[in-house]
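What follows is a set of structures to go through.
Two complexes follow with chain A in common, the first pairing it with chain B and the second with chain C.
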Partner chain A sequence: MKKLLFLFIIILQPTFAYGLIQVDITRGNLDPLPIAVSPLHVDANSKNFKDIKVNKLGDKISEIIEKNFKATGLFNPLQKDSFVQKPDIAHLKPRFEDWRLIKAQALVTGKILVKDDKLKVEFRLWDLTASKEMIALAFTTTPTNWRRVAHIISDKIYERLTGEEGYFDTRIIYVSETGPKDKRVKKLAIMDQDGANTKYLTLGNELVLTPRFNPANQLVTYLSYFRNLPRVYLLDIETGIQEVVGNFPGMTFAPRFSPDGKKIIMSFAKDGNSDIYTMDIESRIVERITDHSAIDTSPSYSPDGKYICFNSDRSGLQQIYVMKSDGSDVKRITFGKGLYGTPVWSPRGDLIAFTKVRKGRFYIGVMRVDGSGERLLTENFYQEAPSWSPNGRVLVFYRETKSGPQGKGFTAKLWSIDITGYNERKIATETDASDPSWSSLLSK
Partner chain B sequence: MKFEKNLKNVLLVLFATLALTACSTGKKGQLSGDVYTGKETVKYLASGVPDRVFFATNKSTLTTASRATLRKQATFLRKNKNLNVTIEGHADERGTREYNLALGERRANAARDYLMTYGISGKRISVISYGKEKPVNTASTPLAWSQNRRSVTVKVN
Partner chain C sequence: MIKSLFFSIAFHTIMILLTILSLPFMIREPVDLPPIVSVELIQITDKTNIPYAPKARKVIEKVKEEEKRVVSEQAPPSAKAKEKPDKIPMPDEKKEKKEIVKKKQNPEEIKPEIRQSSEFEKKEIIDTNQIAALIDKAKQDEALTQKTDSKITQSNQKNSFATGLTLSQEDALRAQIFGCWSVPLGLPYDEDLLVRIKLNLKKDGTISKSEILDHERMNRPGQKFYKILAESALRAVRICQPLKVPPTGYDKWKELQLNFNPSEMLKG
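Coming up: the complex of A and B.
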């Protein structure tokens, strides 16, 4: 990952007014907020930087912001051809009544300057109903970061309008899949949350599965069949250095980081029995967390690190359990009809997302951490492996289609859905894709 | 008259047996419960020694037929003392990936344990689970899934 200097330099006349427009994200939004995103005005002193053409940059940034907003289902970005003011003039002070005419309730304006290898950005969010400025921010970065600029602006506006942290300046790591179903080539791939900037991190020589970000983002843990030995690995995205985690005499799998990023929790299979272990990345000290003759796998920490939810078939069939992080106080939390797998604790701490299998159908759902309040969000032929957006509002998962003879018609794709159960969307990927993991905010 | 009645009974029993057989073998006569009993995907370590056994959904219990196959493998391995094998454990596509990795591991070990009770040293048998990553039949049908729920004994040297 490219390190960037991110300088929030000025907060221009912050306005903290009450009674301004707000977007409620706690329920499905059937009436998305009409928002006008004006193209960012490009300062006349701007110069092209490498292959980045400055004259289009203001339009491109505003288009990415619009796409982000549209994908939330909470906002309705308005057509630009109805816009009533030039970007530079609107940015100084919009004629509120004119913008209200096109039924916009919020307006985003901004300007950019590319000079001396730097990209200076300034943007404002206007409440058109109250005729007030809601945010004004400016910052400087390298011009190659222009897409991230669009995501950061999106995050700030989302935050201001919903009262929740955004999730646009984030990335998704996943397994890219190509080739026929019985000879799949799987590679680790990483992309921006909106599908841009896809990069492949492995070559596809060996099978790789279940990559997961650590909270600090430079490290990823995943399962690799390197030399046909299935083991948990650690990969530094910046340096490309990979190393095997621990020295286990058998398969290790289902890895995840602890919330502080210091430990990896995973399953280790010995003589046919899988139990949960942790390894401290720095000291390499290994601890056994569960000791049961049944399968214990898919562990996931609570965000405070005090609890672990996991998948076990100790009752005879796959169910979800919660225990203290030292392995004590194991409690089964799923008692509904069907099988439950892939529990993942929400970053807000309030919910556990899971996969449920019942009568040959697969569901992605959420429930409270004691197992109550189960809500199934989506049903399909096959889908699993939910991963949380950093604000705990959206889940990304993968879905496979039913295949005919010789695996015909088989696809695997990433999808996202709000925890309200609304706004299900396919995420465009260059290849088939599975096992997504959402990063935390990059610019936190 | 009595003879006729007896014949009728015999026919009834015969009919009932046929009906039962039809039920328990299922589609194409290749499933017992949901365990695959056919030969379509099977390869052989040597003449008369099948390389694989099949499992019920979510199970790693060896069926009577599986145990018979593994005993043949054990006899074959006793005769070929320098031969080592890997047992690959597999699952069908109808389970979550991580659980299936564990399930494949458990299936492979069920086969390994059985070979060991027939005198084959554990040192000669390594195991690897592929979960649902290496299906032999790529269709999404109960028959394909039954063929994919398997452990396969592979010669290493």
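Coming up: the complex of A and C.
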């Protein structure tokens, strides 16, 4: 009987078996990642090269990396005063727990050696929370290239931490503007994406407009007026060689490369009607893409080359349309209030950037390629011509200020903004600037 | 014998008839309940702890004493039992502020002022430590506790049965990790990127072991984004430790799985 009772108790004994607790984490923070960029250690065997002082190079490179990171808004480079280890020792093996004390989550260390007229730079990125090395690379180049080395290091770290390609080793071409508003001198200028190393590519005796980088290489196409006739030019930045692609009748607008760099797409007026045309760079064969009585302008290819977005007033007001690259299947994608223009397809392929004009105000915005999810990123008195960074994360555009009664106070400057709508920044240029175009990565 | 058989048949017939007649009334239309929105709870007892009227205090103390007596007669109260069961670890004020600022970036998110709170959560906010003492006894018994929870969070049974954490405990933990996780914004939002991390925890909430469940995916070619997401998730839990786990029920949460999925956030 006792046994039976015991068995009975055992059976009725409540048993608890807990499954593994699962918690879904669907949100995180957008706070910039605290990162410590230690000055690069200069090897004692290094020798000065021309006017480059080697002992300062380590600090300068780390400063450029910090500046690049700060400009992204995604990283928070920590003050160097709080650093707890000397650069040479940290580069061998950091004391992770000490670096964690200053709230750093990642650490960049490096070493420089200038010998036999060559600059050798190595760097390491450390994950301080996991106490391990994330990436280690070395570069050898001529010492004059030290700024590019800093940008390449920034790109590698950015890619390792965010998952997307960096955009620091890139350049921006733009139209430099000087002089009063009614007598502007416009030159073609190029600079590094951080505003350094500005060079002027034309003399300013001809009007230049809408320079655009080839996404595949360092060729640039732009429009210039020669004896009041628009001409489309090709310019090789590496060699400085310039050639005329063609003379086009009437108004010609905004030539732009196809993603493979083999074609130029543009709009020009034939018989008083603007339509979209492509031209093969090799064969110079011109092909008509749209044939409509309305004005079709500002074409831009999708990164796979299968679609083209453009703006047209075929519905009465200027709106954005998408079609297949052969001109078929035209679909209107914007239906909002106001006018839409200058559509540019993101290099990532997921968004189209545009300029919107509504009630006398200008907006730069992005939307999905089907026209949904429109987000206006910035609003101002006058701004337009967005151009994508090669990773599709940042837009550069130009903004003009209102001039005073005597035409004074007018400025045109380049600005950049993140696609989240945060982190709007003015890019320092030597002169006034307009019509920017961002290059692809130089080190690709 | 025949008499009792007759009674039995009659009784059973009545029962069956009653059942047949009453069944249609028992089937009701399912109540269309609004979905329970998870709300971060802030312990405001310290600020809103209004002293009881002397009469009410006496009653409460009397009840408390009786409870103690009952407990001591059965078994000496364990150390765990003394702890206030609804003392929920909450994120500190600073992190709360950050959360609100972040919401600016996502206009689709529900604003704090229109956040919906369930009846259960409202109760939790009103609950004071004194009232909590009254239900101490019930909370001592794990089985009973589970039963109570299941009644209250009916649409969230997963939280109480499957996970062993209450909705508010889970929210507290989630809120803590939100604050620590810097989401790599370069990730594509249209890819299936779910990182599952299994943690072995010590009693104080520190991590004794962390393991990525799909570890082999990290080193596969073409899984660069997965690796970056997994690393960021690991960084988050390491920065966050000690995790804000409930003071009781260690056996339930000593092993914990966190599923990191940033797709909602990346879609914007």
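Following the convention adopted for this analysis, the second predicted complex is superposed on the first by the 408 of 444 C-alpha atoms of A that agree within 3 Å, B and C clash if a C-alpha of one lies under 4 Å from a C-alpha of the other, contacts with A are read in each partner's own complex, and residues count from 1 in each chain.
Operating definition for what follows: a contact is a pair of C-beta atoms (placed from the backbone, for glycine too) under 8 Å apart; a residue touches a chain by one contact, two chains touch by 3 or more.
From a predicted model like this one, the values you see are computed outputs, not experimental measurements.
**Student:** Now for A:N391: first (chain B), second (chain C), both, or neither, which partner does it touch?
**Tutor:** Touch status of A:N391: second partner only.
**Student:** Determine, for the superposed model, which of the two partners chain B and chain C contacts more residues of chain A.
**Tutor:** Touching more residues of chain A than the other partner does is B.
**Student:** Would you sort A:T162 into first (chain B), second (chain C), both or neither based on which partner it touches?
**Tutor:** second
**Student:** Quick one: classify A:T355 as touching chain B (first), chain C (second), both or neither.
**Tutor:** first
**Student:** Classify the contacts of A:H292 with the two partner chains as first (chain B alone), second (chain C alone), both, or neither.
**Tutor:** neither
**Student:** Under the stated touch criterion, which partner chain does A:D31 make contact with: chain B (first), chain C (second), both, or neither?
**Tutor:** Once the two structures are laid over each other on A, A:D31 reaches chain C alone.
**Student:** So in the complex, the part of chain A that touches chain B is made up of which residues?
**Tutor:** Those residues of chain A that touch chain B are 180-182, 184, 207, 209-210, 223, 228, 230, 251, 253-254, 267, 269, 271-274, 295, 297-298, 311, 313, 317-318, 339, 341-342, 355, 357, 360, 381-382, 384-385, 400, 402-407, 410, 434-435.
**Student:** Which bits of chain B are touching chain A when the two form their complex?
**Tutor:** 58, 60, 93-99, 101-103, 105-106, 108-110, 112-113, 127-130, 133-136, 138-140
**Student:** What part of chain C is in contact with chain A in the complex they form?
**Tutor:** My answer: residues 98, 102, 105, 142-143, 162-165, 170, 173-174, 177-187, 198, 224-225, 228-229, 231-236, 238-239, 251-253, 255-265, 268.
**Student:** Can you tell me which positions in chain A touch chain C when the two form their complex?
**Tutor:** 14, 16, 18-31, 33, 74, 105, 127, 129-130, 134, 160-164, 373, 375, 391, 393, 420-422
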